[in-house]
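One structure follows; several queries about it will come next.
Order as written gives the chain letters A, B and C; numbering starts at 1 within each chain.
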Amino acid sequence: MMFGDYSIGDLGAILAMQGFAGLILFSVYVLMALGLAIIFGQMGVINMAHGEFMILGAYVTWMTSNAFQHYLPSLFPGYFFVAMILAFIASGALGMLVEWGLIRHLYKRPLDTLLATWGLSLILQQAYRSVFGAREVGVELPDWMMGSAQARESIQIPINGMFVMGLTILITVVVAYVLFWSRWGRQVRAVVQNRVMAGAVGINTEKVDRYTFGLGCGIAGIAGSAFTMIGSTGPTAGQLYIVDTFLVVVFGGAASLLGTIASAFTISQTQSTLEFFLSGSMAKVITLLAIVAILMMRPQGLFALKVRK
Amino acid sequence: MLIGHRPKEFLLAVEALTVSFDGFKAVNDLSLYVEENEIRVIIGPNGAGKTTVLDLICGKTKATSGSIQFRGKELTKLKENQIVQAGVGRKFQTPSIYEDLTVFENLEISFPRGRTVFGSLTFQRDAAVKDRVEEVAEMIFLKDRLNVYADQLSHGQKQWLEIGMLLIQNPDLLMLDEPVAGMSVSERAKTAELLNRIIKDRSVLVIEHDMKFVEDIAHKVTVLHQGQILSEGTMEHVKNDPKVVEVYLGH
Amino acid sequence: MIINSRFFNRSELIGFVALALLLFVILPLTLDVFRLNLVAKYLTYAFVAIGLVLCWGYGGILSLGQGVFFGLGGYCMAMYLKLEASSVANTKIQSTPGIPDFMDWNQITQLPFFWKPFHSFPFTLLAIILVPAFFSFIIGAAMFKRRVGGVYFAIITQAIAAILTILIVGQQGYTGGINGITDLRTLHGWDIRTDHAKFILYFVEVVLLFGCIVAAQFIRLTKLGRILVAMREKEDRVRFSGYSVANFKIFAFCAAAIFAAIGGAMFTLEIGFMSPSFVGIVPSIEMVIYTAVGGRMSIFGAVWGSLLVNFAKTSLSESFPQLWLFGLGALFIAVVLAFPDGLSGIWRDYVQPHIDRLIASRKSKARWADGSVADGAPAE
């Protein structure tokens, strides 16, 4: 019943197209999960408001696009790059503010950070609704991002999708560089491993915490920019992604960046491939059930190392 | 089980025990025999694998290979709570007690009755429990503090409380990880007195750095180094073993 | 050597009596049936909150999926009521008479096998308890035996809530979909939509609620209750005192699930429908906040928390819908940052001392008047 109606060639094209659709989902997952993985994996904080930080980035992108249309129409083709930077700054700044006002009081109580950030997410959602209205807004893309490349007769690849992919790879590389090779990244990891000792050797742990949280939220802002290309932005759009993204992070083994990427890839591909053959909701149910089942068998995630407790 | 294979008096027989963490062998092909009513002290430099050996025996860490026989039972195949029920008690390095419960309740939880879900629902605080708790509380110098919440105790008192929680369990093998670390001089003396009293009728495996304390209580000393046994015997023997001197003073 | 020798200590007894007075006497006498029915709705969440006190407050196991069990209980009850409402006589205009209307709309021509047993009322009552107990046991056993806990458990239970919601919405032919199971009429022939029925059901629910309070208090006072606290603090110490920690966690989680399911079943009876909007992530986490507001360690607090938060929700979202989400968000943050022991903590720290002082001064005044005080007890 599933495959009978399609020829082999059709199936190949379907898989390729679905695979590509999956890659865009993958990009959003990776960008969301990167920020979450940094905050959760490095700091042990559960940020349930992460989706709202993403949506802030999306709203910033929308506002930037409007501003360019009205005041600088000649520069409109390039607005997206400005929007991304602004989204990063806006979400990052809000993140640092939240860390200062809320998170730093809760470092020893991970379950409580979960509840508190959920409260924050409700406040942010309502704030978006009050400021931007309850209706979803869509961002107008510059011409060069529209349309698609014809890879083969039956396979079309949208350009904005490729752009998002490229962006994701770039950001992942930058984040990996920052975390693993920069001086600041070494400080972050030092604080993670031994807060007291890191403080004793002169690392300003409070500052490291604040910037780490800010970085995670800032990346969520960029994810929001990317998100505007594939979905419309509304006050509660972020909440739809938060559980999925947490599963991506946990499934990948919380502290591993590579694991996060591999897990985002596995989950997005499974879901979008299943989506073609089943209804969207059943595809989602089966994907989530599979993740939960695997996590029950391998609680440490797919890519965690065996370490002495 | 095949008890006849080895001398019957061994309470605990650890053989060819190995555990590796990502290729690093924290304990490497270790064999150790403890007799009934023996007090064995394990010493060794930091990172020698002392705590890991206790973790392996009590089931906190799973062995990569090797066997741990206790009274003919293979401990490596049992779960932690089954190992406790077989008669092995473990005290952790930092005091591990329940600060939100009173001293009485701390001791009561360790009383070896009603350890299943149903058993704990129907558990009655009868005279046997109360008497035993009071008896142990007296031994650990906390008789007048039974109704105090445990977070009110001093560090030394917390250590005693945990020792008391083990005592009430009445294990055949008692494993203590640095029982006098962080104690004041007077607390140390009291602890030595306490330990000397409770080690009767059972075997004890102690990790300790305090050499004076070790000399006071040890029947036999095992020196661990890099996950292996470097030397074993009486304190006198071990002290004069050139290998031990090398490890402790050589660098 | 007398600790916890009585079932309720003095302040708990005051709490018990005050709550009983309020729910059994004051509210039924002062509220009309519509308002009383609202209270009944709020109280169904109190069942969930009491379960969370045991599971989260005592055991330290935060479940963000209690809506699943609330929903399972509620759906079991709704399936029975729906079948009774879908008799052949009532549904003769359908293309397949005798099956629920939403099935007919979705071109289903035969009652699905898992619906069939719900023709029986005793089976339904059993299912309300056993279905959630079964699922919570499976989830608990799978996770706790493998030592999944804390944050991971919270996230996975949240995912399960999401899964169940998507499943119910997606399979509308079998579940009624997003609208839920609606248009419920009679219970064993007794019309549940009348004012009189709602009045009776309110009392049934309050009786059940006090049953749950007593059961939770019983569990709390046994050694099991103390083991839960011990486990929350030093899991390894409990394990190395010879207990199978996983079994105790499974017990707490199952108990919480059963409490939630009773609440869910009562919800269906009182409100007359059940839908996925009471199952998913958002209602599940709101149930946690009722517990947190009441005080995560307080059984009575759980009831008060459910009542007050829901009361605030109804009154605020009627008049200032925007304020409500800000308020709820702020409540989450405040209860975590400033009042981790919730209302019961505030009561204990700020109100109780005043009452104690008042009682003490009354007593000393009385004795003064008696002329029997010789040592001049201070009046304050």
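Everything that follows uses one rule, which is that contacts are C-beta pairs under 8 Å (C-beta built on N, C-alpha and C of every residue); 3 or more make two chains touch, one makes a residue touch a chain.
Here the structure is a predicted model, which means the values were calculated and not measured.
**Q** Report back the single chain whose CA centre is most distant from the CA centre of chain C.
**A** B
**Q** What chain lies closest to the overall centre, CA atoms only?
**A** C
**Q** In whole angstrom, how far does the Cα centroid of chain B sit from the Cα centroid of chain C?
**A** Computed value for the inter-centroid distance: 44 Å.
**Q** What is the distance, in whole Å, between the centres of chain A and chain C, each centre taken as the mean of its C-alpha atoms?
**A** So the centre of chain A lies 34 Å away from the centre of chain C.
**Q** Taking the mean of the C-alpha atoms as each chain's centre, how many Å separate chain A from chain B?
**A** 48
**Q** Mind pulling the residue numbers of chain C that touch at least two other chains?
**A** Residues of chain C touching two or more partner chains: there are none.
**Q** Please list all residues of chain B that touch 2 or more other chains.
**A** Within chain B, no residue contacts more than one other chain.
**Q** Considering only the defined contacts, which chain C positions touch chain A in the complex?
**A** Contact set of chain C toward chain A: 62, 64, 142-143, 146-148, 150-152, 154-156, 158-160, 162-163, 166-167, 169-170, 281, 285, 288-289, 292, 322, 325-326, 328-333, 335-337, 340.
**Q** Enumerate the contact residues on chain C facing chain B in the complex.
**A** Residues in contact with chain B: 1, 3, 219, 222-224, 226-227, 229-230, 232-234, 236-245, 247-248, 251.
**Q** For chain A, which residues count as touching chain C in their complex?
**A** Residues 46, 102, 105-106, 109-112, 114-116, 118-127, 129-130, 243, 246-247, 250, 279, 281-282, 284-285, 288-289, 291-292, 295-297, 299 of chain A touch chain C in their complex.
**Q** Flag every residue of chain B that touches chain C in the complex, lowest number first.
**A** Those in contact with chain C are residues 58, 60, 79-81, 84-85, 89-90, 92, 96-102, 104-106, 108-110, 112, 114-117, 120-123, 130, 134, 146-147, 162, 165, 169.
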